[in-house]
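Sharing a structure below in structure tokens format, with a few things to ask.
When the chains are written out, they are named A, B and C in that same order, and each has its own residue count from 1.
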Amino acid sequence: MATQHSRSAARIMMAPAVVLLLGWMLIPLIMTLIFSFKKYLPMRGGDLGWVGFENYVRFVSSSAFWPSVSATLIIVGGVLAITIVFGILLAILLNQPMWGQGVVRILVIAPFFVMPTVSALVWKNMFMDPTNGLFAHLWRFFGAEPVSWLSEASLPSIVLIVSWQWLPFATLILLTAIQSLDSEQLEAAEMDGAPPLKRFAFITLPHLSRAVTIVLLIQTIFLLAIFAEIFVTTGGAFGTRTLTYLIFQRVLESQNIGLGSAGGVYAIILANIVAIFLMRIVGKNLDA
Amino acid sequence: MARSVKTQRKIINTAAAWGIGLLIFFPILWTILTSFKTEATAIADPPVFLAFNWTMENYTAVLERSNYAKFLWNSIIIAGGSTILGIIIAVPAAWSMAFVPSRRTKDILLWMLSTKMLPAVGVLYPIYLICIKLGILDSRIALVIILMLMNLPIIVWMLYTYFREIPGEILEAARMDGASLKEEILYVLTPMAIPGIASTLLLNFILAWNEAFWTLNLTAANAAPLTAFIASYSSPEGLFFAKLSAASTMAIAPILILGWFSQKQLVSGLTFGAVK
Amino acid sequence: MGQIKLNQVTKSFGDVQVIPPLDLTIEDGEFTVFVGPSGCGKSTLLRLIAGLEDITSGHIDIDGSDATNVPPAKRGLAMVFQSYALYPHMSVRKNIAFPMKMAGVPEDEQKRRIDAAAKALNLTDYIDRKPGQLSGGQRQRVAIGRAIVREPSAFLFDEPLSNLDAALRVGMRLEISELHKRLATTMIYVTHDQVEAMTMADKIVVLRAGFIEQVGSPLELYHTPRNEFVAGFIGSPKMNLIKGTEAQKHGAATIGIRPEHTDVSKTEGMWKGRVGVAEHLGSDTFIHVHDTGLETGPDDLFTVRITGDIQAKHGDDIYLTPQLDKLHKFDAQGLRVD
């Protein structure tokens, strides 16, 4: 449905968005790339010239690098596993007939609207504080020694906080996917003699696979970049320094821009690998 | 018989769902409750649920200690400004993509979305440097622009998915009826897309309100929004549970209410229409 | 005025040419129907005339002046879309007023025209409702009303009745025909339904794959189809087309005989067959005959139409005799030979 006239109008109307995003992407990216090949210490002499790949090598060979990769993987993997498994169960439960479905849904979704700094602080102090936190009260009630969560079990604690934030998202999307399942399909399977568990395994789960993939990819992108939760709770201590946080520290705390930029390039590459998969799926959907 | 089995199952479902729902909601509920306690009751062992003397003293204390109104105002300006600016730029772009698609439309859309995947930390210093050079570090305008750029792909995408559901014939009818491009978008497309535009507005307002990387790293005294206001309670004030709760409640209440209204639209927006 | 002339018009989408060079003149006041199977290019042709698509080459004249590069709004044409394309957020009144508002028609004149159109189309009682509260037929009338008030030099209809149920369709068909008689404005009407084409048109343009197969009045097309395609497309039930030895007897590659031009007997006739299905409509009876030994195509089906009722049931033997003066003959290329 297009004439020459509307096509040229379309190009003009698209231009601002395209130009802005192009600038937003390219300018900082190019600067990061340039910095990553330099010895650049703003507080200690500034731009000290080109150093080739030295920053890239140093970033990877630093003693903090591999722990940060494993912390990142544990957090991302842990949160994904928890949110998807519980998300599916919760979505199925919420799809059953019940009283007050709307209210329950609102309760379940609420954590998604809580800003990360608030949820991190509330969990850190009011639940995980080893003397006055609610968990400490609970432990003492059962006669156990309260746990100092964020130092003794730091990674699981962070996983718990972040999972609480993201479970609503997973549930909401999986619930929408379940609701779009044609009930006639399930009825047909019932007529064909499939018991409930088999109906779940052979009809509901395959139907959900697409939604699960989407949750997986979107969450991965956001989880790779979690920042405030760690900034507020442990500040990167006790083995919770993720790749993102490590780069942040190199840039802002030790003011080593070159090194931080090299780390940034690694992070960009990592995010792009995930992004390519997500784009494929979304792209396929565009054709439909 | 079948009926009673159904009722029984419904009771079990209801109990389970309410139980889990309340468990998930509990941290928020607990925060709100604690905000009305005295500091002593807030850390009492065993914890007190409802049987305490409700007090507003924490809210007064928080308001006295810090300029809450300023943080709130910053949040509103930053989240609102970036969202509205984003919509103004995105509506024409989404119109083009939805109604005058070309062979490259899909690639442009995917590319736009991919800019969203750039990890912020990777470009933190360049942005920081640019802000200093332009003299807009710790200013609301910098955050309005940055958050607008961050959310622009999502805004374009959401609008695109909503626009695509509007039949092109209606716009063609407007064109036959003598409407210019501007009139077509203003009188026909926009009124028809109001629900979609509203939910896009809402979702992006929420995303911008809760954004906690750029707002923490690029603001100080002047432009800090509520995310930074709360982060300042990290320690040692965090040990004052009741005041922390009051501050938290004030930071999340506006968005919690907004979010509940828009929960349905959230799904289509967040999945880029990939789950119907 | 409303004469529309297409000169060597073509349309390509990318490398695919959907309209090969095409010439056509639509005279002022004529009711012209574009008909053809889906994908024949009839809607594209209408959209080219409307200006909603650019033509790839050639030019379009409206009332003698070149309109090829004139935007749709300036061509003085009004269009009624298949989906009606009403503005859902506007009342019926505002929908009808929209084109006049765009053209800057004075308020009182707008009101006068809206009232006249609403009265003519039986919309007065619904004038303040939104399209969502109207039935399909009423929406259709609003779409027509919106077209009428512009006082266009020609109306364009893109399959306007295909979303209506069968009973309504017959009624709306009549209303549009009467509208044409009353306004005497040029109308171009696109449909895939040959019954609509036959009943409404002054002139039918039969299209296939972008080519014009034949242009003519409904009865010209019925009596003297120019080729096998038109012969098979116009008329219901379809014309029986027979190849092989039976056709050679008449000196043709294919002969065609319409179902209503075949006499039926239980005892004697030129061809013998067996009744497959007999459809009794009361006024007519359609009999689908198998095993005639004729080369009628892969379905082995010969259809006859008899006025009134006739006793025939599945498996009965039946004899068929074509009325030889109503026989159509076609050569090996499918073209009519007389």
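The rule is simple: a residue touches a chain if its C-beta (ideal position, glycine included) is under 8 Å from a C-beta of that chain, and two chains touch if they have at least 3 such contacts.
Note that the coordinates shown come from a computational prediction; the quantities given were computed from them, not determined experimentally.
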Next item on the list: May I ask you to sort the chain touch graph into line, ring, star, complete or other?
Entry: complete
Notebook entry, point to check: Highest contact-pair count belongs to which two chains?
Noted result: A-B
Checklist line | Per-chain Cα centre nearest the global Cα centre, belonging to chain | finding: B
Checklist line | CA centroid of chain B to CA centroid of chain C, Å | finding: 53
Item checked: Separation of mean Cα positions, chain C and chain A [Å, integer] -> 58
Item checked: Interchain centroid distance [CA atoms averaged], chain A/chain B, Å -> 16
Notebook entry, point to check: Going by the touch rule set out above, which residues of chain C reach two or more other chains?
Noted result: 52, 71
Next item on the list: Quick one: which residues in chain A touch 2 or more of the other chains?
Entry: 1-2
Next item on the list: Scan chain B for residues touching two or more other chains and write them down.
Entry: 172
Next item on the list: Quick one: which bits of chain A touch chain C in the complex? Just the residue numbers, please.
Entry: 1-5
Check: For the complex, which residues does chain A have touching chain B?
Finding: 1-2, 6-7, 9-11, 13-14, 16-18, 20-21, 24-25, 27-29, 31-32, 35, 90, 93-94, 96-101, 103-119, 121-127, 129, 132, 134, 137, 140-141, 164, 167-169, 172-173, 176-177, 180, 210-211, 214, 218, 221, 224-225, 227-228, 231-232, 244, 247-248, 251-252, 257, 260-261, 263-265, 267-268, 270-272, 274-275, 278-279, 281-283, 285-287
Checklist line | chain A-touching residues of chain B, taken from the complex the two chains share | finding: 6, 9-10, 13-14, 16-18, 20-22, 24-25, 27-28, 30-31, 34, 43, 45-47, 89-90, 92-93, 95-97, 99-100, 102, 106, 108-110, 112-127, 129-130, 149, 152-153, 156, 168, 172, 181, 206, 209-210, 212-213, 216-217, 226-228, 230-231, 233-234, 238-239, 241, 244-245, 248, 251-252, 255-256, 258-260, 263, 266-267, 270-276
Next item on the list: Provide the residue numbers of chain B that touch chain C in the complex, in ascending order.
Entry: 167, 169-170, 172-180, 183, 187-188, 191-192, 194
Check: Residues of chain C touching chain A in their complex?
Finding: 47, 51-54, 71
